[in-house]
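Look at the two complexes coming up: subunit A is in both, with subunit B in one and subunit C in the other.
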Partner chain A sequence: MTGRLSRRAATLVALLVVALFLLPWVAGHYPVYLAMQILILAVFSLGFNLLFGYTGLLSFGQAGFFAVGAYGCAKILLAVPNLLLGILGGVAAAGVAALLLGILSVRHTRIYFSMLTLAFGMMIFSIAWKWRDYTGGDDGLVGVPRAPLEIPGVFTVSVAALDRYYYVVLVLSLVAIYVMHRLVHSPLGLTLQAIRDSEVRAEFAGVPVRKYRLAAFTIAGLYAGLAGALLPPLENTVTPPIAHWSTSAEPVLATLMGGIHAFSGPIVGAFLFLVIKDVIFRFTEYWLIWFGVIVVALVLGFPGGVMSIFEKRARAAPRDEEPA
Partner chain B sequence: MTDLLATQGLSKRFGDFVAMNGVTLGLPAGRLTAIIGPNGAGKTTFINLATGAHLPDTGTVFFKGEAITRLAVHRRIRKGLSRSFQIMNIFAQLSVLENMLVPVLARHGRAGIPSHRIERESAAIAEARALLREIGLSGEERLRAGALSHGDQRLLELGIAVAPAPELCFLDEPSSGLTPVERARVLDLIRRFSAERRTTFVIVEHDMDVVFSLAQWIVVMNRGQVLAEGPPAEIRENRAVREVYLGELA
Partner chain C sequence: MENAAFQGLIGLSLAMYLWLISAGLTIIFGVLRIVNFAHGSLFMVGAYLTYTFYGPAGLPFGVAIVLALLGTGLLGLVMERLLARIYHIDEAYQLLLTFGFILILDDAVKIVWGGLFRIPPVPEFLEGSWPVFGRAFPVYNGFVIAVGIAVAFLLWAVFEKTWWGRIVRATAADREMASAIGVNVPRVFSGVFALGAMLAALGGAIGTPVRVAAPGIGAAMIIQAFIITVIGGLGNLKGAFVSSLIVGVLSAYGTLYFPVFELFFIFVIMAVVLLIRPQGLFTR
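Here is the complex of A and B:
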């Protein structure tokens, strides 16, 4: 029940955060770029796991909200070069899309929910592909600026350099991770887990199940939107494949690799997913085959995800504090 | 006695099968009622229709005089209804304490708070722990509920059912699969909750020892209809009941 970290885990997290802040000082451009990709996928996967691991809803359409966040941010940045406005606009657009599609989706569960989200995700992909006037069609939106971070009249900070933009991604990702940690250890987090275990029992315990499912779906959409909104300033472009179902599969795989029942599972999974992919890509053009083999081996070898090992150890070890 | 829950002409079909056929029944406050009948008589269907798990084809359900026929389940719970299930239904991955916290938080309207750690819900935690003490599971509060023995899971389910502080609680076969010792514990708890919390219990049960030792009033159902109702002594002597149901046991 307790969401407090043990002293050892807190020290490890603190060291990791310090290392991430020092990264641009000690590493070249590529590791910094890779770290940003990992952080973006970690945020995307955390939102996905709120739905899957905590609420019991497997969505195959999260790439749709990722794309809404990315296109929303890119459109704003192309019109008004203000990074804060772009990111907030992208997140808000994804949140609204998730709320609207969630109203239709959360009426169903299991495979019906998964198929509905897949269909909605692919609808967004089609819109990105076909609505050329707004989305640029298959060319996408190009020349998205890495606009300055500013509140007019208060401050302006240029983040045009990759190293500077890295700090924007890092800080926003850490805030998103902290907020999610609070959320899953809150009464809402417990209620969502109860719905995952037995929606009927939860309803008969007085929980308005559909309302809370919609809340989880919208929050997951906001996280997908944030991850998507961080992408255009990094890549300077947005193209339709980010809305494709294969992009939805990335947080699914990352979360399965890291572990659905550990809070840190999606974060560790995002790291494993992108590092393994990056390493294999260097050695063979048939990287997908080898990547597939490794993913299968990891999922079979660690059925609860890599982090399940540490979860089991933590459960076996006596706790150093009583819950209140 | 004023009826706490009443049904009027309640009917339900599943395809060609008539599960409930125009049932009109009153369940007064403070009277421990048992619903009995052979398999397929409509006992669980009656609970499902009364608590909102299924909607009736025709008929009306009244709770405290108000029609609640189409009311959402969670709203019925807030009005004072509750139930347990024939097939075990607990939050298996959550701890025993968390199982109890879910209905307590929902009752206090605090189940959706996203901003602070659950440890800060000290009033709800204290209430959940008090309930665990009452049902005798306080020593297991950290254990995953799915790891409890069958008997302890039944106790936990009873705890979850009374945690919303219901005025009327349906228990669907509360003693099924229990050893005699566990069954005695469950029956004792039902009596205690009935007396101390002023919860009116309605049980569906196949075990006639349980029914006749616990119930103050018995409703006999057969083929989706009420065959007879009355005090246990009267039901025991009812010829029609003996023929269709009790006679089967002889």
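Here is the complex of A and C:
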């Protein structure tokens, strides 16, 4: 449980990272675009799973924080074309929103927590949709620039080209993934899992359960905010549907597909979710129905998520585990 | 003043409509402890089936509704049988399965009926309006109110006065004990799920002439149903009825006096209820 990867896993991760850095040289625009979508959903889902897989709280409102990050970033970029400022601002806004709504949300668990987060998420949706003066209403915000990376007086790097923006998304996502990996293996992460497994026992051990849940909620909000903030410079626009509960369903689906009890579950799930969607879309405009069939088959066939297959294999061959 | 009274009456018909949407959801949760995200999709299927049987097929209105209810009830049965295979694992996966149903049904509806809006004609005997408070109150809204009240009475009679109703209540209270004294719990679950599906379909059937059947309408409906069931208390049928009345009338006034933030305030009410009385306003 130290969080150190086995040698085989470490090699695999290193190869993957190298491949991701080389991607723009070997692939065209579309795969690069798809890779960005996957990275964004992976970050979004990782935050969600800190709350769900590690802490045991199923949130239906993550799209709200995703939208706060996206709208925050877009508003800043429309006023000040500075990418770092936009992304940081979006993340900060989402973090504050998550902290405030989290104080209320973590008073409950199970279905009541889920319903409460659904209500908060939909409140944010109705603001995005109806507060026309500030959010552009159902038109959303358009013409968001892919502003340069800049620290005034120090350096300016243009990332207007899609390939260059890809590296921004890639580096920030990898940092976010690394930080999350450290986090879930830190005392904080272990405490969260203890709370998930038995709230009563954790409380007896002197753990301030609510504070820890609030910490998880806020971190999940920050990750949703980062994912959201990366979106407007890519798409040049933000619209209210990203705040709708059906967007909250995306990290839920991705995470459950990948597996909630493996760290890599949300990442693998994000990849599967978007690649399956993309492949089906090539054959038919009715991709949802096939996607639904796959979801149903996966849930009935591998209820632990795709990564549980590998876990079982690892358990069967204990030598692959990290040395004690 | 008369304007306000008239709006109250409009609110009442909206309330009965919300009641029809949420009754099935709360019954299913009360007995099976499953939050059926696909409830809105069942509503949508009911709406489209009614459209087909009544519009293009030209069957009488009542027959069309009964057929749509039976069709949707059957669909509910299939869904419940699939869900039954994972009753023993984490409820999150049951939820995911109902997500899967939403995806399938949303597209299935598009494939069968096309991506267009469908508005079936209002039956002739329900056309027109009555003069109420000096304004025209549509006969159809009166019909919705009547159906809503009839369904409320029927459900009360079934659950309180029939043998099957007592078995269902016993199963909801303690499924293991019910099973131990010889209740066929899986069959009760199937029956309750089918009943819930049929109630959703009835909402769709009654709703179509005023609210159009469209793909994606399920996502909007499920949110309304969640709001009602949460305020009334998850699994509390009487609570769902009362909270439908409150939300229906409030949003009728809301659209009149502060249309921009109507949606926002409804979610504020939902959150406040969850924070102060998570068991719902009407559950002791």
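Quick note on the criterion: the second predicted complex is superposed on the first by the 318 of 324 C-alpha atoms of A that agree within 3 Å, B and C clash if a C-alpha of one lies under 4 Å from a C-alpha of the other, contacts with A are read in each partner's own complex, and residues count from 1 in each chain.
The rule we apply is simple: a residue touches a chain if its C-beta (ideal position, glycine included) is under 8 Å from a C-beta of that chain, and two chains touch if they have at least 3 such contacts.
This is a predicted model, so every value here is computed, not measured.
In the superposed model, A:T11 makes contact with neither subunit B nor subunit C. In the superposition on chain A, contact is made by A:L183 with subunit B only, not with subunit C.
By the document's definition of touching, neither partner reaches A:S158: not subunit B, not subunit C.
Of the two partner chains placed by superposition, only subunit C is touched by A:G292; subunit B is not. Of the two partner chains placed by the overlay, only subunit C lies in contact with A:L104; subunit B stays clear of it. Residues of subunit C touching subunit A in their complex: 35, 82, 85-86, 89-90, 92-93, 95-97, 99-108, 110-111, 219, 223, 226-227, 230, 234, 260-261, 263-264, 267-268, 270-271, 274-275, 278.
Subunit B makes touch with subunit A in their complex at residues 51, 53, 72-74, 77-78, 82-83, 85, 89-95, 97-98, 101-103, 105-107, 110-122, 125, 160-161, 163-164. On the subunit A side of its complex with subunit C, the touching residues are 52, 58, 104, 107-108, 111-112, 114-116, 118-120, 122-123, 126-127, 129-131, 244-246, 249, 252-253, 256, 260, 286-289, 291-293, 295-296, 299-300, 303.
Of all residues in subunit A, those touching subunit B in their complex are 1-4, 182-183, 185-191, 193-194, 196-198, 200-209, 211-212, 215, 323-324.
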